[in-house]
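In the two complexes that follow, chain A is the common piece, with chain B as its partner first and chain C second.
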Partner chain A sequence: MIQHFPVLAVMGMFLGAFLIEIFGSKNAAVRNAISFITFTVVAGLVYALVKPIIIDGGVIAYWMGNWEPVAGYAIGIGYEVDALGLVFAIIAITAFWISNLYSFGYMKGEHHLGHYYTLFMMLCGSILGFCMTGDLFNMYIMVEIMTFSAVALTGFITEKDGALEAALKYLVLCSLGSGFILTGIALIYLQCHTLNIAQLASMLSGGLTPTTLLAFALTVAGFGVKSFMVPFHTPLADAHAVAPSPISMVLSGVVTKAGVYGMIRCIYIMFRAMDLTQMQIIITAFGAVTMFVGVSMALAQHDFKRLLAFHSISQVGYIITAAGLGTALGLTGGIFHAMNHMLFKGLLFLAAGAVLHQTGGVTNLDKLGGLSKRMPHTTVCFLFGAAAISGLPPFNGFASKWLIYQAAYTKAAETGNFYYLIITITALVVSVMTLASFVKIAQAVFFGQLSEENKDVKEAPAIMLVPMYILAALCLLTGIFYRPIAADFILPAVRSAVDVVKYIDVMMGEGYAAAAGVYNMAVSNVMVSSWSPIVYLILFVTVFIAAFIVILGSKSDRGATVEVDPKNAMKHSNFFSGEEAVYSHVGGSDMLWGYKYDFKPYYRVMEELHSGRVTDYCNMVVIATAIIVVFMFMFMR
Partner chain B sequence: MTILRYLFYILVFPGALFTIAVGLFMAGIDRKVIAHMQKRVGPPLRQPMYDFFKLLGKETIIPAKANRAAFLAAPVLSFVSLCFIMLFIPIFGFTAINGAADMIVILYLVTIPGAALIIGGASSGSPFASIGISREMVTMMAYELPFVLVLLTVAKKVGGDQLVFNLSLVSDYQAVNGSLLSHWSMIPAALAMLLVIPAEVGTQPFDVAEAENEICEGPLVEYSGSPLALFKLSINMKMIIMTGLFTSMFLGGIRTGFVALDALLFVIICIAVMLVSITTIHAVTARLKIEHLFKFYWTVVAGLALVSTILVWIGM
Partner chain C sequence: MTIFNYIACILLIVLGLYAVCTQKNLLKTIIGLSIIDYGVNLLIVSTGFNDGGSVPIYQMSDLLNGVSAQFFVDPVPQALTLTSIVIGACVNAMSLAIVVMIKKKYGSINVDDVRRLRG
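So, the complex of A and B:
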């Protein structure tokens, strides 16, 4: 029975999409009921796979229509779910479930909501299929469904400024990526006459011919476009700025991760090339550049959601760097960070969405301010998310980043290669720059002074707050209990990513891999660890209790909660050089001066690169792909 | 019994009480020595303590525009996290909570007081505070790069091709091989660290965030009474923590066998480090501009640290 679950999950999602289109386009209650039930059932199906796959360490293989391999050649489409795919599927379904709940509140009142939920569920179904399939061409189809539903959802609110433009940019760039993937698949099919990943893995392990090497380079580049690593990142910022917030959440939390997953699947399993030093160098190089460019661009943004979008890019850089190190510790950190990024970035996008929803669509960092007094719950959630993404202990972002630092530094120390030390330093410095940009948001949006226009802003409705609190709690819990999560949930995924032999044998029959001479890459299986989050839990609780006592204990006849006696107005107003205080909010553009001044030459270059023209962006994609191809042909023959 | 021991660690030694007492004492010495350098008499050594208790007794005014909860919670967060950090820094052979934190964790923990100051300043609703937090954040970004370089250099020097981020092991290494400062390749890194300390503590010439005569103490402008006392105390506690970190990284290795004697020596060395890195620099310089500060740290100080990193990396 359990082997049907992966297919049922994917089909259930698509079925729900059709049902909504048929029954739910008019009636909101029916629509919400169908989507909620579908997401819950599918989540149940996916979570039911945890026991056989992650806990027992099995792999589920499923041949569509029972078309089993004939004479060692795969004919039909096979689904194969190992722990790696399942972890990403769980990340996806969790994000979608929460995002769907949030959509009920956020999208209320928009037009054509039937289409919205249909596309939303198609997106979810395609990503689940992408993570669970064992067939290369099926993977491509899922990528296409994913791309097109993501494009449609990005431009869903068409009357919004720039929505269609952003969707177009997204479409053009991602089609280029899909083109690369398709070309790669065609070349592979030309050489190997099969599309089954397990069989390909055994065929390609003998060494790459020039054709398969080109295919490899193109697939890596194609999945790079899908994961929006620099320099393929350009459409993402526009897309996030205009997309509805629940869509931003899944775009950054899941869709970019799908690209990363594709890359891991490709490099670790299909081409089994991760033990090559050159492969590690080029992937970590792209990852490190992605980290730095993402965060430095984020520091210069004036739009709440655009800033978060650049952080998605930066955090995906962490994941790619970690996965590119080619060590068990690195991959653990990378996959863990992928999960954590979904949690905290989702939280941040939902908080941004709450602000946008309640202020009537303002996301300009220079026009908001002081909202913490009007939206206290959103502020608390935002601060949790900001602390998590900046990697402050005991939140989850710290746990995974800390694994990544250790992995990068271990790599540097073991190989004696100065290059990996630079990677470690980049990762550490990017982290504090992340903190800086969230300080900027905190000041520009939640703290500071409340402007006249936002005087009557209300707290977001409960249906939007509940998903935010769920995510905030998860951010804290996964940080405190990082050890069991890393050891029992992430590590099985890492093991399955390096266990190619098992992946092949389950799909193609016992002994197939041995006959083809496939062996697993050697990875050290260590968990270096000298960090006890319980200590920070104590710290956190102590701070919480102390702060609580202080806040409650301070006499309530002072401060903001009571009407200030007009005679004492001066005493309780802000200091303004002895004058009467006027509205003087320090907005986002005024922040971090000094840093911006010193980085001016850098930003001048960046401004030229981010011209906003699709042709320029396409050029960047083509040039970067050419670099990858040339690099591989020069160093990996 | 374990709980009592940990309570003792957190509340008395080397946690709250020890850090507060030594911090205030060091601040007193700092002020006195600066006064002498500038041919003044200076306040008595106990003046920072008097200031602290005086502030505790004053009325706490919360501005009408402030976010009350964040405004009051921030100084507490700063204070409590600083009490904790000292537990992870080895006092020569003695580390209160060993194995629970490594250099990277400490690197992150010392940003928490800064983050707390930023939240407090931002929540006060004052434009002066907003400018102050912006500068504080840029200062944090500025010293982070050299700080990271120094930590990784120490790790490489001690660990070789092993991953050693644990500060106790750094201390043990120095007990065998002599203090790291006596290895000439580490001297540039030590100099860089000496320059990181005043920026982290926020003393002249790196006190742009709190520049009294430009932006009225920046993030602290609206604070009064006991929250202000806690923030002022945090600054003093940072002195012992940062100089303590320097001591355990570069001047560790002393083993007398008695914790009390070790602690006494530790404090004396910390004061010496403070006199070099905080007091002297404070007395002879004027405040930098924020863009100069950022440039200074990312070029000169990071360059110094990088020299060490490269030297250590090629096996010197």
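So, the complex of A and C:
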């Protein structure tokens, strides 16, 4: 019985989408009832898989129409759920369940809500299918359904400024990414004549031929586009900023994770290339750049949701870096952070949505302020999320980020490679910058002076507050009980990502992997390392002193008068004990102003890169893909 | 003769990428995307092709008796191509619909004008 649950979960979601389109386009109560029941039933089906897969450590294989392998060749389409896929499926269904509840309050009064819920459920179904399938082409189909429904939902409120533009950019870039994935799949089929991931894993174990190497590079680049790592990140910031808030939550919490899951599935299980040093270096390099660019762009934003969108990019960078380290500890931190990111970023987007909903669509940080007096519950929830994303104990962000630092540092100590120390320090600095930018939002939106226009703002309705409180409670609970969660929930997923032999044997029959000569990857399995915070502190202080000396020694305009626009003189004077301006509000773009002034050249380059032209973005995608392909052909043959 | 197929599909993909990366008109960007799609479709269908192969329809007894020793054309890539064509049509329809609405809203389909979200 239990082996039917994965396929029933996916089918149930699509069936619900179908039913809503038929019965729910007129009546709101029917629509909400259908979507709530479907999400609850599917969540029940997915959670029922926890016992056999995560606790007992099994793998469920299911052949569509009972087309089982003949003579060692997979003919039919197979679903295969291991702990790795199940953890991501649980992340997805939890986020969707909460987001669906929030949609009831947030989307009330919009037009064509029947289509909204249809697309929403198709998005959920496709991600569940993506996480549970064992067939490469089926994975591609699910990615495509995911892209379409995400694009349509991004531009759902077409009147909103920029919604169509963001949808178009998202569609064009994701179609390029899908094209790369499909080319990769075609090349793999050309070489192996099968599409089953388990069988491919056993066939590709004997090293890569040039064809499969090209396929590998294209697949990694394609899933990179889906996970929006830098330099593929540009449409994400636009899309998350203009999408309805419940959609922003699932786009950032789940859709980007699906890309990361695709990469992990591809690199760890299908090609089993993660034990190669070059592979680790390129993935961690992309991850580190992603975290830094994401957070530094976030510091310069004026729009509430766009700022959060850039933080999503930065946090996905953490996950990619951790997964790219190729150690069990790193992957644990990465998957744990994927779960935590869904919780706290979902919470932050919902809080942003509450502000947006109650103030009538204002997201500009310069126009908000002092809302804590009017929206106390939203403020509390936001502060929980902000503390979690900045990595403050005892919230969940602290636990997973600590695991990631520890993994990166252990890797540096093991390999003696200076490169991993840079990664560790980048991860730390990015965390500090995250905190800085959340201080900025908290000041600009919730504290400070209440502006005239927002005098009559009310607290959000209960249907929107309940999902926020659920997420806030989960952020705190997963932070306090991090040890059982990491050991009993995340670690089985890590084991299944490393245990390729079992994955193959369950799907293709006992002994298949041994016959094909497949062995498990040599991934270091050290969970408790000789971790000494003192060494780390000394390192950090040394780096700080070095940086300080470098800055002091360099020629700078320290002490020079900064030109202040006379129009804005009053605004800045409360930094210089000006008395008349004590009660004026410090706007979002005035915070961290000195930092932005000092890094002007960097921001000028970044502004040039984020030009808003879809052609430029496509160029970035093609160039980055070319770099990945060339790197692999140079260093991995 | 499959080598020409591969050359043609690489040419198509590169042409499509060229169009996507250089053309300023959004319609041409979308045409570029569909050219990439056609290239990939050609690649997939070529992977299953056998020159002089037969139709892959057999009786079970034929297979058991080893009657059909000759090659047959692999049917799986054809199924994949059909699926991929359908998806390509969806991409076209959806992106063209968005472009029509952008034209109504922005009054232009030049990428230099459609860039309100940036920075």
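The rule we apply is simple: the second predicted complex is superposed on the first by the 582 of 637 C-alpha atoms of A that agree within 3 Å, B and C clash if a C-alpha of one lies under 4 Å from a C-alpha of the other, contacts with A are read in each partner's own complex, and residues count from 1 in each chain.
Convention: a contact is a pair of C-beta atoms (placed from the backbone, for glycine too) under 8 Å apart; a residue touches a chain by one contact, two chains touch by 3 or more.
Bear in mind that the values here come from a model prediction, so they are computed numbers and not experimental data.
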item	value
Which superposed partner A:L428 touches (first chain B, second chain C, both, neither)	first
Which of chain B and chain C A:I281 touches, first, second, both or neither	neither
Contacts of A:E607 with chain B and chain C, given as first, second, both or neither	second
First (chain B), second (chain C), both or neither touched by A:E165	second
Greater chain A contact set [chain C / chain B]	B
Chain B versus chain C as contact partner of A:T410, first or second or both or neither	first
Partner chain in contact with A:G370 - chain B first, chain C second, else both or neither	first
Contacts of A:F398 with chain B and chain C, given as first, second, both or neither	first
In the complex, chain B residues that touch chain A	59-70, 72-73, 76-77, 80-81, 84, 97, 99-102, 104-105, 107-109, 111-112, 115, 118-119, 122-128, 130-131, 133-135, 137-138, 140-142, 144-145, 148-149, 152, 155-156, 159-163, 165-166, 216, 221-222, 289-291, 293-295, 298, 309-310, 313
Complex interface listing, chain C residues touching chain A	13, 17, 20-24, 26, 29-30, 33, 36-37, 40, 43-44, 47, 74, 76-77, 80, 83-84, 87, 90-91, 94-95, 98-99, 101-102, 105-106, 111-112, 114-119
Footprint of chain C on chain A - complex, ascending	137, 141, 144, 148, 151-152, 155, 158, 161-162, 164-169, 171-172, 175-176, 178-179, 182-183, 186-187, 189-190, 193, 195, 237-238, 241-242, 300-301, 607, 610-615, 618-619, 622
Chain A - residues contacting chain B, complex	370, 372-373, 376, 379, 383, 387, 390-393, 398, 402, 405-406, 409-410, 413-414, 416, 418, 421, 424-425, 428-429, 432-433, 435-436, 439-440, 442-443, 446-450, 528, 530-532, 535, 539, 542-543, 546-547, 550-551, 554, 558-561, 564, 569, 571-576, 581, 584-586, 590-595, 597-598
